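So that we are looking at the same thing, I have put the structure below in structure tokens.
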Amino acid sequence: MSDETRETRIEAQNPLSASQKNPEKTSHIKSLIWGGVVTLIILAFLPVPLFTTNLSFMFYMMLWLTMATSFNFVAGMAGYMPFGYVAFYGIGAYATGVLYKTFGLPIPIALAGAAAAGVAIGLLLAPTLRLKGVYFGIVSLALAMAMKLIISLMPAKITGGSLGLILSGANDPTMAYYAMFIVLLGALAAGTWLSMSRLGIALRAIRDDREAAEVVGVNVVRTRLKAWVMATMFPSLVGGVEAWYTNAIDLESSFNLLVTAKSIVYAMAGGLGFLVGPIVGASALYGIDQLIWRHFPTLNLLILGVVIIALMLLLPRGIVGAFAQRFSRFRRFIP
Amino acid sequence: MLKVDQLVKTFGGMTALAGISLTVPDRSILGVLGMNGSGKTTMLNCINGIYEATAGEISLDGVSLIGKAPHAVFSEGVGRTFQVPRIFPQMSLLENLAVALLNKGLSNAQVAEISAHWLNKVELYRLRHNYAEELSGGQQKLLELARIMVANPKLVLLDEPFAGVNPSLALLLIGIIREMPQEVGCSVMLVSHDLTSVYELSDNILVMHEGHVLAEGNAEAIQKNPDVIEAYLGA
Amino acid sequence: MNELLLQGLVNGIVVGLIYALIGVSLNVIFGVLRVVNFAHGEFIVLGAYGAYFAQQLLGLSPLLAMPLVFLVFGLIGYGLYFLLVQRLSRSNDPEHASLLVMFGLSLVLGALMLLAFEADSRSLNFSLEPPFLMFGNVILPTTKLLGLGVSVVITGCLAYFLYRTMPGKALRAIIMNRDAIQIVGVDLNHLSALTFGLGLGLAGITGIIVSMIFPSFSPFIGQDYTLIGFIVIVLGGLGHPIGAVAGGILFGLAEQTAMVFFSGTVAMLLGFVLLIAVILIRPAGLFGVQNLR
Amino acid sequence: MWTITKRSFLAGTLLACMSLPLTVAEAAEKIRIGMTVSSSGNFALASQSGVRGVEIWVDEINKQGGLEFGGEKRLVELVKRDDRSDKQMVARVYEDLIVNEDVDILLAPFGSTLTAAAATVTERLGKFMVIWSAASDALYDQGFKNIVSATQMPVSRMPSAGLEAAHALGGKKVAIVNVDEPFPAGLADGAEAIAEKLGMEVVLKEDYPKGTKDFSLLLQKARAAGADVFFPTSYEGDLISMVRQMRQMNVNFPFSFMVYASTPQFIEIGDDAQYIYSHTNFHPTINWEVNAGLDRAGFISAYETMFPNVSYEPDFQTVLAYGAAVIAGEIIEKADSFEADKLKQAALDLSDNLTVLAGPYAVDETGKQLKMPFPVVQLQPEKGLVTVWPEEVAVAKPVYPIPAWDQRN
């Protein structure tokens, strides 16, 4: 696009921009919208166990909302793609299982252990944060694979070997449901804090142009590390709570690449970088996924693949992102 | 005062800077001329820490900048712009400026006030909530300049500030740069191959050629220097 | 143990060269187009199916199927470039976008293969006489030697193409500097589409060779090959087509040696650990010369 | 874009919610049996083989007018869903089957992992589940009350026939290798214990990760360890690779036993499959005195009528699932109730009283299967697959040692 056309576009918008005199009001409306979204989420999920024993649909919806939201911390706000995100999910599941089953600790402590394990591994991998672009994605993918192999090499007495662990003694889906609810609220709170805080500004600057951010005083490695720690804690908790909910842990499903893929796709479908992006994306695509699975059971992976391709080619900024681009005067109201 | 002493930078076997020495006194503008590939941008990258110098010394007001990461150099008071403006495209103009003020320990009100001042100065205030990617190339250069100026730097490195800027914006830009030493109190290193504006703005001029300093002096002396004439007009 | 180790080392080189072939085509695509082809393994498996059906339906031996598969896959690649890859360059972050699109494509291809060929493992009915040759105490299957020979020839042809012919030089120029090549006036689109076709054509041939040497294949194993490919090209240097050969041999040797002393699980873990270590210590790869980006 | 997606999502959800009560109302008289099938993923092949067996049973029962229940004949309806070999999916679908689809009894998904995920749901919601393919011993130690393994014996006992045959023929040193997945690993552990009990020496026991492509070194390690019994417990893709590479590397073992070598897919690879020992519960020469469900001949003709286009013949998964469905039907009729504890009691009462196509049925309190033996078969030139062990059912003499590659023509 040439300078001239850009100028005219700006000019055309100027009356609108100029009428927007009060920046405080803008951020106020933005907060209101976000508050409304969070309230809706609470109202939608909180009372479910009172009405039905069929918790799974809503449970997994919360799971994907949390995964997509926390994925947004690194991808949307810090601009890098950990393609091995599933590693933390798997570590969380195994930490929970091992602490509960092998060491006999109560579930809440096991879950705290899962979060700690996730963060610990995240910190261990901190040196990879200096990698750029696709290198980071590949390394993190390799780490997920390595993690799976390491667990499979550990004594079967601890990890249950290739069969995995069955936590039948802990079966309490309603409690697990509320645990997931709390994790989701935690992720939303963390997201809110991240986007409103100065850390969030630094992260988005890094995402947009890492070198330029450095040149205006942003300590890239340290800033990323903070987001990274937050982004590793939530999938670990999610993996742990999911293990508690299904009571079955095994290597194949704990380290299934589709977990990463879905986190990415759900977050991107909504729009990376917006708080509401992952929420819109996860609820829309999760709903579609359910429909596909009901009506075209044998075609679901095929359709998932087609959706990913179509999304990346036609709507690379996601639903919210495309909306913001099309109606740029509303962009400032989107949390 | 910026002091660069015998700065050397090599890439593998290729020498990009072969011992550059210069000083930029406080509240002055140093123009740096030179053709493509003469090492101008490499020198800027060494000063602000994007590249690690192979040898030599760089100091600002007596504090060595060698071995410091770009964000640390920025904290020492060195701001820079790029040949192709590098703004944060998916952030609003206000947020673009806020990035540079993150570590200054300012209140939100102070940040807003400083940002408003500089956005007015570069005539972008009315677009403050727009995303930076919506700006024209020239406006992006102005935004980039405002983004370093909010942090109240001691030294500003400008890499080809006029490249691709339409004439009316260029005038605005020249006006702002001209005022900077006195009004803001910072010194400027102005790298360009646009002779006219460099001659007009600079207190002192340095001509680089193939990694060396070819000539140094005021505008008049440079225009008469036979080496410069030969390098520019060719043998 | 010494005899086994010797056998392991020889096997490592042979298997490594096969791995290298996977990496070479992956790297051609990444180096030139900056496309992280996550569907590469699926194309390899498709190549194997191509040979399988050429044998079943046309009675073609796998060796004769190679040029046919190369052509068909090349054409598919040429078309896919315009369908998928070209649009990616408009994205904010083309590399990551390509990774995701190709991941989507790998799901699609896997699902289509499952629909078309069902879940059963298949195997090419292919054997040579004599089935093996002895070199001292070291035994080498003739199919492996044949596969090795074909890989070397293909890699050699590719190297000749890249370093000695004009289009090849243009391709390498793209790897080094995308912007410059545009200025020089090369039809980038056409060349890029050809490259994608070349990459997929090579992947198809790789699939045939791989299925001669690692006999069974099914619609599910694509990802295994993709991962091997990534290990190999990161070791050898991302985007450095011939570096993949060194990466492949290194990985093959490491894997087979680990297999002699430990187990297959340790061997595979070693592969990933090597990859991580190399990226952290030398992001350009062990044999990469220039730092790409 | 946003509104469209949102709207279609809502509409879809509404549609899905509305369609449920309708189907339930229509099918009120039918006995609803729920299960999942894997359309994709690791278990797709086995799972789909299995569900064909269940479909044959449903067809057969409905042709007879249904199951005797509450004094009347009631038709049977199979409610099958997809699980993509994914345990997340299994938990969700089994819950959905019980809560929304209102099924009366469940059949398990394929494999121990998925079955474990399903069992936690059926236990919680108080439903009875009949298992046809979960062999992990650990599953039956979890204290699940309402499960019964109708046809699948636990993995710890499964290798016994094969190793007993090897031992009787003179095998002394065993090499056990497996892919690092639950079922093969369980088999390998079981094989190790059984071999040691038989007084054989386990000279190599090694696992390798999924995705391993080259087995030549593993084979040579087994040979270098001096093994005369080679006992890989992996799935058939790996076994095909192994046997091809055994030929390519001139590796010979007097006794090679491969769990899946009796499948049509394995036999299809041609001459390299000759002489390999295997086990199966479904073979022309195995004819149990069936007292429930179809016998072999009836089953085959039913299979050919229902699945004329499927490229493969029924395999042992089909037979296991078919047998499990038959036994499930017997249990329902015996209990005359869908309450889990009554069904479980009926399952125990029927123990040792039923013989289905897959063999005699007997379970203990934990639901573990105690019988359903797997005879050993060998693929022999001209004769094809023949039963060679145990002697009671053997129809041919085992070829031992297996001729070396260079001594075959």
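Note that the chains take the letters A, B, C and D in the order they are written out, and that residue 1 is the start of every chain.
The rule is short, and it goes like this: a contact is a pair of C-beta atoms (placed from the backbone, for glycine too) under 8 Å apart; a residue touches a chain by one contact, two chains touch by 3 or more.
Keep in mind it's a predicted model, so treat the numbers as computed, not measured.
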*Work out the mean Cα position per chain and let me know which chain is farthest from chain D.*
B
*Central chain of the complex, centres being mean CA coordinates*: A
*Mean-CA-position distance for chain B and chain A (Å)*: 39
*Please compute the C-alpha centroid of chain B, do the same for chain D, then give the distance between them in whole Å.*
73
*Quick one: chain B and chain C, Cα centre-to-centre, how many Å?*
46
_Between chain A and chain C, what distance separates the C-alpha centroids? Give it in angstrom._
32
_Per-residue multi-chain contacts in chain A, two or more chains_ = 149, 152, 298, 301
*Among the residues of chain D, which ones contact at least 2 other chains?*
39-40, 42, 180, 207, 209
*Would you give the residues of chain C that are in contact with at least 2 other chains, written as numbers and ranges?*
110-111, 223, 227, 265, 268
*Taking all chains into account, which pairs touch?*
A-B, A-C, A-D, C-D
*Would you tell me which residues of chain D are touching chain C in their complex?*
39-42, 44-45, 48, 180, 206-214, 216-218, 220-221, 224, 235-238, 240-241, 244-245, 247-250, 265, 269-270, 311-312, 405
*Which chain C residues qualify as touching chain D in the complex?*
3-4, 7-8, 11, 15, 110-111, 114, 118-121, 123, 125, 127, 131-132, 139, 141-144, 210, 213-218, 220-221, 223-224, 227-228, 256, 259-260, 263-265, 267-268
*Touching residues (chain side chain A, partner chain C) in the complex*: 79, 81, 83, 127-128, 131-135, 137-139, 141-143, 145-146, 149-150, 152-153, 257, 261, 264-265, 268, 298-299, 301-302, 304-309, 312-313, 316-317
*Within their complex, state which residues of chain A touch chain B.*
3, 6-7, 9-10, 13-14, 17-18, 20, 23, 26, 198, 201-202, 204-205, 207-209, 211-220, 273, 328, 331-332
*Could you please specify the touching residues of chain C with respect to chain A in the complex?*
36, 84, 87-88, 90-93, 95-97, 99-101, 103-112, 115, 223, 227, 230-231, 234, 238, 265-266, 268-269, 272-273, 275-276, 279-280, 283, 293
